[in-house]
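After this come two complexes, each holding chain A, first together with chain B and then together with chain C.
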Partner chain A sequence: MSARHQFSAAAFRWQETDGNPDVVAGNCKAVTNAVRDIYAQDMTNVIFGDLYRRAYSLVLHKRGEELYSAVEAAMASEVQALVGSLAVAGPSGQSFLRELLATWRRHTAAVSAIRDIVMYMDRTFVPATGRTPVRELGLGLWRDGVVRSGRIRLRLVEAVRLEKARQEEDGVVGVPGSGDLVAGVTEMLTELGADVCHEFMEAPTVSS
Partner chain B sequence: MEIDLDPEDLHPTVPLRKVPGGDIFEAARAGDCARLALLLEAGANVNARDRWDSVPLYYACLAGHADAARMLLQAGAVCAERTFDGDRCHYAALNLDLRRLLKSFEARPPPLAPLPAALRAAFLACPANRAAFLDMMLQGSATAEAAALAEAAGFGPTDAASAARLVPPDITFYVGGKPIEAHRVILCARSPFFEKKFKTDWKDRKEVRFSEKKLSFTALYNLIHFFYADRLEAPVDDMEGLSIICKVCKCEELHRLVDKEIVHHRFAPYKATRKLDLMESQTRFVLQGQSLPPEDRLPSALQRVLHSCLANSRQEDYCNSVPNEMRRNSYDADRADLIVKVDERVFRCHQVILASRSEYFKARISRSVGFLEGNNESLDLPCLEAHDMSVEAFEKMLEYMYTDKVEHMDPILAEELFDVASRYLLFPLKRVVADLLLPNLVHVSPAELCHWLMLSDIYGVMKIREYCLDIIACNFETFAHTREFRALLLTLPPPSATDALRTTHPSAPGATGNSEQGNVLDDLREKWLEAEAAELDKRDQSAAQFDKRLELLMFVAEREADDDDHTG
Partner chain C sequence: MRIEDRKRSLTVAPFECVWGEEFRFAEAGRGCIVFEASAQNDVTLVFREQLGSQHYHYRMDSARHYTVILGSHRNKRLKIEVDGRTVVDEAGIGLCRLSSFQSYWISIYDGLISIGQGRHPNNNVLFQWLDPDPNRSVQYVGLSSWDKHVGYRNISVLPSAPQNSILWSQIEYAYAERHGEGGHTKNEEPKDGCEQRLISDFLESWDFSDAIFVVGTERKVIPAHKIVLAASGEFDFSSMNGSTIDLPSVSYPVLRSLLEYIYAGSTQIAEWHLDSLLELSLQFKVEPLVKRCEEMLYCLTKIGNKLSASSNNLQVSSSGSQAHQVGYFPFKAPVCVQKIKQFLASGEHSDINIFVTGHGLVAQAHKLILSLWSMPFTKMFTNGMKESKAPNVFFEDVSAQAFSLLLQFMYSGELIVDNRYITSVLVQLLLLSDQFGITVLQFECCKKIMEFLSEDTVCSVLQAVSSIASCKLLEEICKRNFATHFDYCTTACTDFVLLDEATFKDILQHVDMTVTSEEKVLDAILTWCMEASETCYWNSVDKLLSTSTPEQLFGERLTTINDLLPLVRFPLMQLSLLQRMEKSNLAKHIQLFGKLVAEAVEFSNAGPRMPTTNKCERFLHRRSSYRELQYISDGDNNGVIYYAGTSFGKHQWINPVLAKNITVMASSPNSRYTDPKVLVSKNYQATCFAGPRDDDGKKCSWWMVDIGQDHQLMCNYYTVRQDGSRTFMRSWVLQGSMDGENWTNLGVHEDERTICHPGQFASWPITGPSALLPFRFFRLALTGPTAGVSNNWNLCICFLELYGYFR
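What follows is the complex of A and B.
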């Protein structure tokens, strides 16, 4: 008797959300909104437990595809916005590097927060379908959208070259904090991949 | 003798055959890694022997499937050359690369159970412990070997992501200036000495410095490592120090075993028949938790902790009248540092356990550090809320997290526990629940079996899914007459491939119509063909017949659904 009851009650608990496109769309929307808020560093509406549950239920009901592309698109557009803000940011040289590194840190923090929210997708849907994991997705977006994009690439190379020249002039200890900038850039590039670091750190010496 | 093969030689020139219905032996022989992973995940015994007295690893080696062999070895297949099974594997290995693979796994101890493995990772995630671990490994062996061991221990050279996200240790010991980081709850659970000390002298200490000359850093480190991993690994020349420290820590059984080993080693030179044996066997001493009596093992120790936590959690609702002072004393005893609120019920538990067992809780705890204000009366512990979950299911989940097992589960909880296991990324829990549920499925009606098929497909519980598919395939006509089965057909995605791809060469290499597995109806057809179909060239006709039957049933189901709409 009780087993029978359990069957009818439980069987369609999951189908409510599965069959209902509004719920699916709502959940997707909540996650993409969260991506936006995280990049804007506005955490008031980002409730981890709730968002995780939404992402989880999407993947569980075989809507991983939609969630993945929604997250990917949202991250891409946020990174584009960051590029825009960088393009207008200050003159070249130190202030540019400082701005770039600050934005990079914001980006990595955001990616890790997003990864936590869609962790269930990252652990199940992503390996099963051979997609790029969220962390690598974030690195890739930054690499191709920011560091390698035409305007920023040139300014970065130029700024690093100037910075190095200044260091040599002043002696490394001359300007406090300026050594950190180059080190920070190197660290960022290494994280993007050994070849990226190579590509940038070799370029100035070859040209000069 | 060294022949280096091109890496390309290792890849088969013909695509590997899939054996969707095969057992672990067939999967190993065919090199079907997906199937093998599924069987291992479902708890197949990796060292089982078939009726030819052969183990799966033997078939993988014989047929030259390096990936399958590696998978079996990682799951703990025996491969030491001096064992019966290991010797056969070595002898049968298709090429030298396989032999090298076998050799490289020879010295590795078998994999740990999920609980000790998770706690060991938590221990080694503390930077000081990790540095000490790598240091000791380097001393003991060549660099390449150390790197392999480090990899086996679960971390590569760079692992920034996990290092940034550790459960902060709450006590640091210094022996001769070298630090060991640890968590009080684990130490107290395993040793009466630590329990007493943390109640008295060390109550509010963050660090403890030892200056006794007799105390060896290696010995204390290895003992604390044992507290987490339930496996003692120590260099043989440090055994005396270990014995002393076991005695001080009042780990009596362990002390006895270590002393026995010391005696053994004292006389070993006289017993060994060959010098070589001696050299090989005498550098490291490894003691598995299973050698201890059950009450001294890690799961029982943590079970006691869990009991006191649950007892305190109960007090929370029923005995609010207990004087605060008394409550505080019993709270100190369970050393809880996290509160989880489920439906008005408050559970006291431990960050180190929850975070090391479940990546979800790890993220949740570290994300909530910002706003850990005690909104929960006078309790100054961080508090989480778990929604969508019953108190009973949460209690069962805690039981699993602390002890690696679940006893006496009400089958009504099974569905919820599958959900919990998926949601909180506690995948091994699914298997435990599946094993408990399986005996209950013997007597259920066809309608309920359909329900379980659907659930196990959603939550990816392969053992239950296989079981249901087997029953349905063998009693297909019964199910065809069940309305719930026909309704289920409508909710499932249609079978994937066309006739031509599916069945023309069901077992020929490359006949993989759909690379992503998981279509229920495809798997059902496969099972049905296995059970009912005619042999060889007649098989296609049988398959076509089965497809017709499915189509017809779906048609009936649609009409029934329409009727329902009209009447309802």
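What follows is the complex of A and C.
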């Protein structure tokens, strides 16, 4: 009989501490700070175990909504910052493409790191509520925020056209590496969606 | 609301089919549907990828689907069809019944179709069939019929959680196969974070590698892992230049074969390399491979095949052990599990120190092993964040005990827990395995928790489990347990106020809800809404309301009270009680309460003739409610043993032992003075006792009553009568039990001097929460010697009666 009473006394208190609004806000803040650090390529100071636990506890205590929107907002603002840095990249076709691809790689690496942190949310909350998974969210932000955004869109089309024209001039493969640029851009666009690739790659070739 | 209704009951007309979003498996190809059905024949369920139409018919469907028919061929057979083709046709099982609703469950797990009876998946399996070509896309369930109406009710869709061991082995095997396929396409990241990996994924991988081989004249470098090598043979790292093993005379294909055999359990080798492979495995003492190579060489020479330079590839696999070695377990022969377990204990070859904040070092572990089980751990050690380089890793907010169990499981593949009082640790382990996506451990935890589930733990388990999406089955079982022990769970402690609204509401609506009186339901609802720290009775809440407003009392939960009050079945209460409620402050301040009470009073005044038109559940008796058998006076005719003598109200009283309605046993063998019939005969007997028996060197004397398999009693009073002797009992206990083995004390008496005359009656109430627990067996046992001069371990009573709530 004694064991019966012992148990009820030792009921779990974990739920109370983590449901506290301050804790929730703190956890959300920690995750958004991490998103910033990850985009800043400052990975070594990001403690995965801690962030994973915070994200997990938010989802477990039905705060998935807050976490999701916090992550979404943080990623969107980081992508905006990337666009800003791209806008100042040199006007020349080749260096622009190079810069764009480097930023793209940085973005995908960051998205994959963020995905790791919020893996639990991606696994449970996202399918349960029909949200866009974090990976697709990252692709969408890049597609709509960068590739399709006014200035960059035009410069990209122009740069690709120039690049292709130069390739034809130089023969099959001109300067080593320049062919890779177009291939890299195609790869990026394909990943963004089949329609996106058509949008950029076919229109110019048909017109020229 | 409509969905709610449909969940409760629906009737399918002949040749029709009901579909709905609510009858959808969360995961394609895997799920379980639990339902009750009543029909003359052909309870038909269709499983397919998309929703079907109302006039859907499985014979006309060209898309892939499964059909399960209970009571096919005029209720004679069980049939399973795959895409319209009959694959199972078994006579005499899983039949349906028109007179009453029968419970069934059908579970589909990657083509393994299981059908069973009852409301608990994986219990009472009637039939199992494994589709050789599993249809992993089925997701929607259609409820259909043949030429007669079929009634369905209480339909719930659960995730398919493989529970029993027979199921396990098959599923695990399928699991392993799936992984085998994915083994070589490493770049393809598993979609699901909880996918588990195999050691073979780490073959020639630089991830976590801490040893290298340098082979051949070209000095090719091949990464390996000390823990894997050391667990399958003897690789002496100390003498071989730290972590480098230099093998200039060995060619790459041979080493590759050796490693593949160690990591994956099988390999291919060209015939002419077999000798060198044998030599290499001898050098490193990889015993199983040595044996296999020798066998193969022997076979080859026997056939007379010269060991020439033939380039035939030979298959070397660890002797069939793969088939019966459980598949979810990442370690396969030749990797020795014993050695792996030792490495956890010794910390040998470890590359990560695990700390739990507030406890300190928990273990010296291996990144490889942790990564095998869990994707988050893999990411933790590889994605370039702080832990990827650090030698120490810290975990916060976890119990060290639970974390140790997690590690033990990872290293041994078993969850060894035999103490039923550590449910709280198990719940934390369940949360941990959910957090780190270790599905297998999650199932194991659920299994153990279910095994140890008691009325005392159910509330805390439910609290934790309701937030984990993948533990629906355990949650369902907890809710049922809570509902069937509603009185106890809401009285013994008030942890239930911490449950969330949805869970509490589900319990209140549960079909198996069992209460002694509707007042208890009302009290529980009020307690929950007040978030009180002790049980409140409605009349005390009523008093509180005279000084404070409902807003002050109920706070945030005031709105919820309107959802919960309709679940109290006021019409089942006594009129006098209702009239008191009508005048109470509750009725004055809470509009709905007043309305419900008024409705019930009206119902009560109208008499029993009127209500037939009223189909609302509120007016129905609960399916499993208790009959109150109240103590009035010593030797009255109100107790359960008397009631059993009338076959529970069916006829005139006869001795219940003779009527075989109850069983009575004594600690000593039956004899002239130890006669079960006499104890329940209502007559005085001058000599009637149970003598002592020797139980582990301790004397014990008892009388035991079994009120039958289908009956339970929440005992709140009992009466005994002394026989003609002066051997008065002084220290004894009354105990109750559900299984006749584990006993709970109901009443404990020490040196109690009430009985002091031969033939005297004496009665005692049973107080405390244990009076709210239902039991089947009752035992009155001496715990100390009696007052008698001689034979002072004889339990001399000639009459016993029990009172309480009976069903």
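To be clear about the criterion, the second predicted complex is superposed on the first by the 191 of 208 C-alpha atoms of A that agree within 3 Å, B and C clash if a C-alpha of one lies under 4 Å from a C-alpha of the other, contacts with A are read in each partner's own complex, and residues count from 1 in each chain.
Simple rule for what comes next: a contact is a pair of C-beta atoms (placed from the backbone, for glycine too) under 8 Å apart; a residue touches a chain by one contact, two chains touch by 3 or more.
The structure displayed is predicted, hence computed values, not measured ones.
By the touch criterion defined above, A:D116 lies against chain B and chain C together after alignment on the C-alpha atoms of chain A.
Contacts of A:T44 after superposition: chain C is touched, whereas chain B is not reached. Look at A:T129: by the touch rule set out above, it reaches chain B but stays clear of chain C. For chain A, the partner that touches more of its residues is C, with chain B and chain C as the two candidates. 3-4, 6-7, 10-11, 14-15, 48-49, 52-53, 56, 60-61, 112-113, 116, 119-120, 123-124, 128 are the residues of chain A that lie in the contact sets of both chain B and chain C, per the superposition on chain A.
Partner chain A is touched in their complex by these residues of chain C: 192-194, 375-376, 379-380, 383-389, 393-397, 421, 423-424, 427-428, 431, 434-435, 437, 454, 456-457, 459-460, 463-464, 467-470, 492-493, 495, 498, 744-745, 770.
Chain A meets chain C in the complex at residues 1, 3-4, 6-8, 10-12, 14-15, 43-50, 52-53, 56-57, 60-62, 112-113, 116, 119-120, 122-124, 128.
Residue ranges of chain B in contact with chain A, taken from their complex: 161, 359-360, 363-364, 367-368, 384-388, 411-412, 415, 422-423, 425, 444, 447-448, 451, 454-455, 458-460, 491, 516. Interface of chain A with chain B (complex): residues 2-4, 6-7, 10-11, 14-15, 48-49, 52-53, 56, 60-61, 112-113, 116, 119-120, 123-124, 128-129, 135.
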